[in-house]
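As written, the chains take the letters A, B, C, D, E, F and G, and residue 1 is the first residue of each chain.
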Amino acid sequence: MFIFPELNPLEEIALIIGIILTLIGVFCDIVGSIGMVRFPNFFVRLHAATVGTIGGAVYPLFGITLMSLALNYLGVMRYFIATGAFLTAIAIVLTAPVGSHALARAAHRSKTVPVEPKVCDFLKEDERLIEE
Amino acid sequence: MALENFISTFIVVLLPAFLISLSLYAIRVIKGPSVTDMVLAIDCITYDLCFLMGLLSILFKIGFLMVAALALALWAYVLDVYVAKYLEAREVGD
Amino acid sequence: MEIYPPLPPIMIHSLALAPVTAIVSAFAMPLIGLTIKNRKVWDAFALTISTIVFILTGIGYATVRYLGKPFVYLLGGWPPPVGIVYEVDEFAALLGLVSAFIIWLVVIYGVKYFDSNEDGMEWYYTMLLGLEAGVLGCIYTGDVFNVFVLFEVLSITSYGLVAFWNRRGECIEAAIKYSLIGALATTIYFLAVTFIYASLGTLNMADIAAKIRGLFFPVTGEPYGSIALGVGLFLALSIWAFTVEAGVAPNHFRVLDAYQVSPSTVAALLSAVAANVGFYLLARYLITLLSGARAVETIVNAGLLIVLIMGLVSIIVGSFLMIVQSDVNRILAYSSVLNYGYVCLAIGLATPLGIIAALFHMINHAVAKTLIFLTAGVYVKASGTRRLDGMEGVGRYAPITSALMVIAALALAGVPPFNGFVSKLILYEALLEVNLAPLVIIIVLSSALSLLGYLKIIYHAYTKPPMKDYGKVEPPKAMLWPMIILAALCIILGVASPWIYDMFIEPAAHTIFETDKFIEVAYEFAEKLLIGVRI
Amino acid sequence: MVISKVRPRSEIIIGLGVALLLVLTLFAVIAGATGFTPKEDIRPLAKFYLYYAINWYEKKFWAASPEAVNSMVWDYRGYDTLYETSVFFLAIIGAIAVFRIPGVKDVFSKGILSGRGLSLIVKTITKLVIAFVLIVSIAIAVHGNLTPGGGFQAGSAISIATLLAIAAFSRIFLEERKITTKLMLPIRVLGVLGIGLLALGPALIALSGIMSFVIQNQPKPWADWGFIPGVGPFWLSGNQFFYNFFEFVAVGAGFTVIYLIFSIPELIYKRVLKK
Amino acid sequence: MTSIVSQALWIYFYITLIGLIAIAVYGIVVRPNLLKKIIALSILGDTANTFIIFLGFRRGGAAVPIIPTIKPTLEELLWFKETAVDPLPQCLVITAIVINMSVTAFLIALAIQLYRLYGTLDVRKAVRLRG
Amino acid sequence: MGVLERTLKIVAVAVMLFAVFIIASASVAPQDIIYGIIFSIAVAVVVSELLIAKHTKPYDIKRWFWTIAYTFYYFIVAEYKAHSDVIMRILHPKMPIKPGIVRVPFHVNTDYAIVTIANSITNTPGTVVVDLDTKRKYFYVHWINVKAPDEKTTFENISKMFEYFAKRIFD
Amino acid sequence: MIEATLIAEILLAFSLTLALIFAYLAIRERDLIKAIVFSALQSVAFAYAYYLLFAPDIVLAYIAVGVGIYSILLIYGVSKTERYEEV
């Protein structure tokens, strides 16, 4: 209504939010990938990867949900896109942190990756206490 | 038609950014000194591709293509868990 | 709409029912194995199913004979270029009948061959029934992609059967070799199918044959791109795949180990039945589908020449390496390679007489090789080793088996009046017909050499004094009867050969050259059923 | 571990030669056979399938499914799929036959495996993911004849559940819930048996005189017998829904069997094979 | 302009696929480790599958071979026929994927069993069968 | 275990599964609704014991309110803060990082609460849960910028707000 | 207006290049776990190529098989045998 005469106000708001979230996503993707390359150690790269997954995939997928719901020229297809993107976003929110955690724990336990550089490593000190 | 054009242009303009970030992740997969690094980068690539799949389904106007993203995300998680399991325990069924 | 002449329904459906029955009962077999822990029930089930399938293939053969032209079965009710069809001519029907017959005998033999405490028999029967379905499906089908799928059914069951004795390292090693190369071959065949679809836009065999000859089926339209290159690649890749699958000379290594270590029944099946599928498909593709077409003439001639040369190499390799072996199954494996060489040579000639020789030799080899593997299995089981110096004199404790083995050896070596002689004679004629007399000498020489190899087994197993008391070696009746039937067939096929030649072999072999009929039958269906299709 | 740096030179040459030969032949042939031009059009045979898959105006050729791929997989070329399923089935049987040990019961990992699994976080989320995956894969399976997906896709998706359970909780978790090869193999067999009987059924009916063919779906002018395309609100596409469902059950159970036999602890084999 | 670019791209696709086949064949023939051979075999199968899907592609506003309604009108069907990609290769590829997966699973089982019996996966050391 | 408890659990799980089913099938045709009801109940019977420990919790409206509040807080405030911090560190030419693994205590009891806190920590860039000790109630968190290794600082900086919400949602 | 197919082709070129690189690395790598991970990424690239070729059915089947099941069965295989290939 404001910019696009085809849309009603609600759709337009959804579209704009979706576009903003998509832009955030692309930005986070690039930053995350730069971080992946720049950071010196696996444990530090985990943080860059989080930027790439949460900012770079979950937010934009929510954005795509809103955006596709607003785009009425897609016809019935927009529901498929919206639901697919929504479910994927939920799945990523649930699984991405667990994947990172599992990898980090495995890397620490198998001692394949040194925690370097570090300020402190309490896990190494408490290692024997955690063994169930 | 103006809306469709706008959205298509918007998506097309974003694509080079994806190519850059995917390439950088791929570099990490190639370089990654340890297996965990590589798997982490693969995670990022798959989640990134999920996002790209969403944008492209809007660009191609085909909703049926979106189902793939969910499967990709879930299987990437399974791969994570299995690599972690391999590194932690010698026996996978443990 | 009536599309078939008025026949009883069983005659129309028998050809399709045979492989489907086999595979559905293979599905049911593990359930029976898990619920009823009684080996006798499993034996009975497998025996019943293989008998039913044998009868169905017999009815199918009768149908094809009765109609006098290739029989087209519409799977799923879809006419030729659209769906998958079975297009069975007499050649295929006869080969299917022989395969089903041999599998039936092997199943009977296997009941007593495997000890009562042998574990995993339910899996053995499952894979055996799967193998039967694969063989019959491969032979009957009229669709190049369906060949790939059934080829995989055939190969995966044969891998499983080779690895049946899973706690013997040599079995697993042989299975690994067998399956790696086999998987490579089937993937290559899939690529071949890709190219045929790329250049011709169809997967139906009759349609392919028609398109190469400039005829058009409804629906599929005109070919794309250059036919010669597409078909050439298809031919090259599929010849490679089929010869690997069959085990012809440059690619024969994988079959040697497999035949050497696997149970005798499995070795007999692989050597006598599974390899024939490869030869059948070679003949079908090279001759029915492709030869005689102007567009691909040179390519097909080159393909035939390659097959012929492979056959020759196979004969030489097989006959020379056969006599230096000291392991009974290994000797028989090389003998298989040798006989594959004869068949390949005969197919490579691509004359009517050559195909007759090929078909007759395929059948003769199937019968005689099954027999010799089964008799050797008795020796191996009694002496507990496959080495010749470990089974000295074992034959004296089993006079009937030894007699049967002598018959099989003579038949394989081509001594009159047994069946091997007749097919070799036809092969000589076929070679002389195309002025390839030097090859006749090679064949005669190789036969003589191979006779040495068989005599080596008989010498060690019968003539030498026994090393120890083997006890009761003579097998029970359930094992003996299949062997006696096969031996009788060896003699009948030799003695009554003029009649058999006229009645069965010659008309069957003739159908493989009847490309026009092959196309026409399918085309009639396509034209009749696809009226009003808008593309 | 000693790793010799020396590689036989001949092997490299052979490998490279084979590779080069393949590259050159294939390149030449593709250049001629398919041409490098991307096509604006597809082959007429494909147009037939696209046009007639759910054509209400000419039901003579239809498969009653809006998804052309699924109607090809289970109707036009259904015979392939029957055997594709059987290849998978026979591969599982082969794997079981290769891994079998006589005299050892199906459940045997207690005492050998610790049953510890991964950390609490992984376990808890895995529970949620299992529920999520179960329902989503059922959704894929029942919409197999309407939207992308089908029996195999859904069956392989549901196998995520078993896989995650084995890794996150350990094999014992499944054994406590009676999910063993002893249970899953019959389910697997019942699934493929359902497919087989659906395929064989029309031909058995045909033996009584009504014309129909193996794996026939919709009635045709030259073959009267067929399945009904839908009941009330349910659009079944003839037998395609049932095929998808049986395939879903069969593939899901089949993958479970594979994972179960692959996760048998190695110690047992070492013990038995030592003897 | 567009057609030249896409022509170049298609040449590139075919070269890439052939390169993949070459790599896979190299892996199967040369690498000694059995699991490595199996990986190479799976790559070969996937590449063959990709080959045949490329054949069914169509340029210019293509669509998936799925129609979103159960009761399409005749116009929709005609439009569908003129835009969707070729479903036949897709059907073949689904079949081929399942088959390759089954064979690979079985091969891995065999390799594991070979290791249990021989203690090695190296094909040069695992050769004990000789004539 | 009473029948009522079990039924309540199944119903709670089935409703959620039904929602997922409808979303996954992207359609509300009668066919999908019937399928959804049948299959979500069927799956719920299988998994409800696994998912829900206490039957009353899913029916507590207050918890759902807190869930929604937490979602908004988390996705808008917490993620924004963490992202901007880490993005600054990535793009800064000198990469000012001070990584280390620290102990973060937690004071919740149920599995879901622990996992919510852990996942919230991992999902915010800058902190990753490497391991956890359920007996001594510690997370071992890899922190990109270790301000101070003592427990009070880490708790304040990393997980205070998450725990505040997690306690109200799940405990 | 930019043609959608051209974009699909450019992305196809990218994903096939990725597939080529990672297939090569998977074959060359001596550490089998790394080889499996490379081959999984190659599968992801192929799956994306199938997506761009408008084949959602295949994408669903192939992701499951290529990314998941191949890798996981191979991980089972490696964990039951040995990790390093001797060259």
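In this section, contacts are C-beta pairs under 8 Å (C-beta built on N, C-alpha and C of every residue); 3 or more make two chains touch, one makes a residue touch a chain.
What you are looking at is a predicted structure, and each value in this text was computed from that prediction instead of being measured.
Among the remaining chains, those touching subunit C and also subunit G are D, E. Across the assembly, the mean Cα position most removed from that of subunit F is the one of C. The centroid of the Cα atoms in subunit B and the matching centroid in subunit G are 12 Å apart. If you average the CA atoms of subunit B and of subunit C, the two centres end up 48 Å from each other. We define each chain's centre as the mean of its Cα atoms; on that basis subunit B and subunit F are separated by 23 Å.
Remark: subunit C and subunit F have CA centroids separated by 62 Å (rounded to whole angstrom). Looking at subunit B, one finds that residues 22, 35, 39, 60, 62-65, 67, 70-71, 74-78, 81-86, 88, 91-92 touch two or more other chains. In subunit F, the residues that touch at least two other chains are 20, 24, 26, 118-119, 129, 131. Looking at subunit C, residues 145, 149, 152, 156, 159-160, 163, 166-167, 172, 197-198 sit in touch with two or more other chains.
Touching subunit F in their complex are the following residues of subunit A: 28, 31-32, 34-35, 38-39, 41, 43-44, 46-48, 50-51, 54-55, 59, 79-80, 82-84, 86-87, 93-94, 96-98, 100-101, 104-105, 108-109, 115, 117-124, 126, 129-130. Listing the residues of subunit G that touch subunit B in their complex gives 1-2, 4, 7-8, 10-11, 14, 18, 21-22, 25, 31, 33-34, 37-38, 40-41, 44, 47-48, 51-52, 54, 56, 59-60, 63-64, 67-68, 71-72, 75-76, 78-79.
Interface residues of subunit E facing subunit C in the complex, by the touch rule stated above, are 21, 28, 34, 37, 41, 44-45, 48, 51-52, 55, 88-89, 92, 95-96, 99-100, 102-103, 106-107, 110-111, 113-114, 117-118, 126-129, 131. Residues of subunit E that touch subunit G in their complex: 2, 5-6, 9-10, 12-13, 16-17, 19-20, 23-24, 26-27, 31-33, 35-36, 38-40, 42-43, 46, 49-50, 53-54, 56-57, 59-66, 84-85, 90, 93-94, 97-98, 100-101, 104-105, 108, 111-112, 115, 120-122. By the touch criterion stated above, subunit G contacts subunit E in their complex at residues 3-6, 9-10, 12-13, 16-17, 19-20, 23-24, 26-27, 32, 35-36, 39, 42-43, 46, 49-50, 53-58, 61-62, 65-66, 69-70, 73-74, 76-78, 80-82, 85-87.
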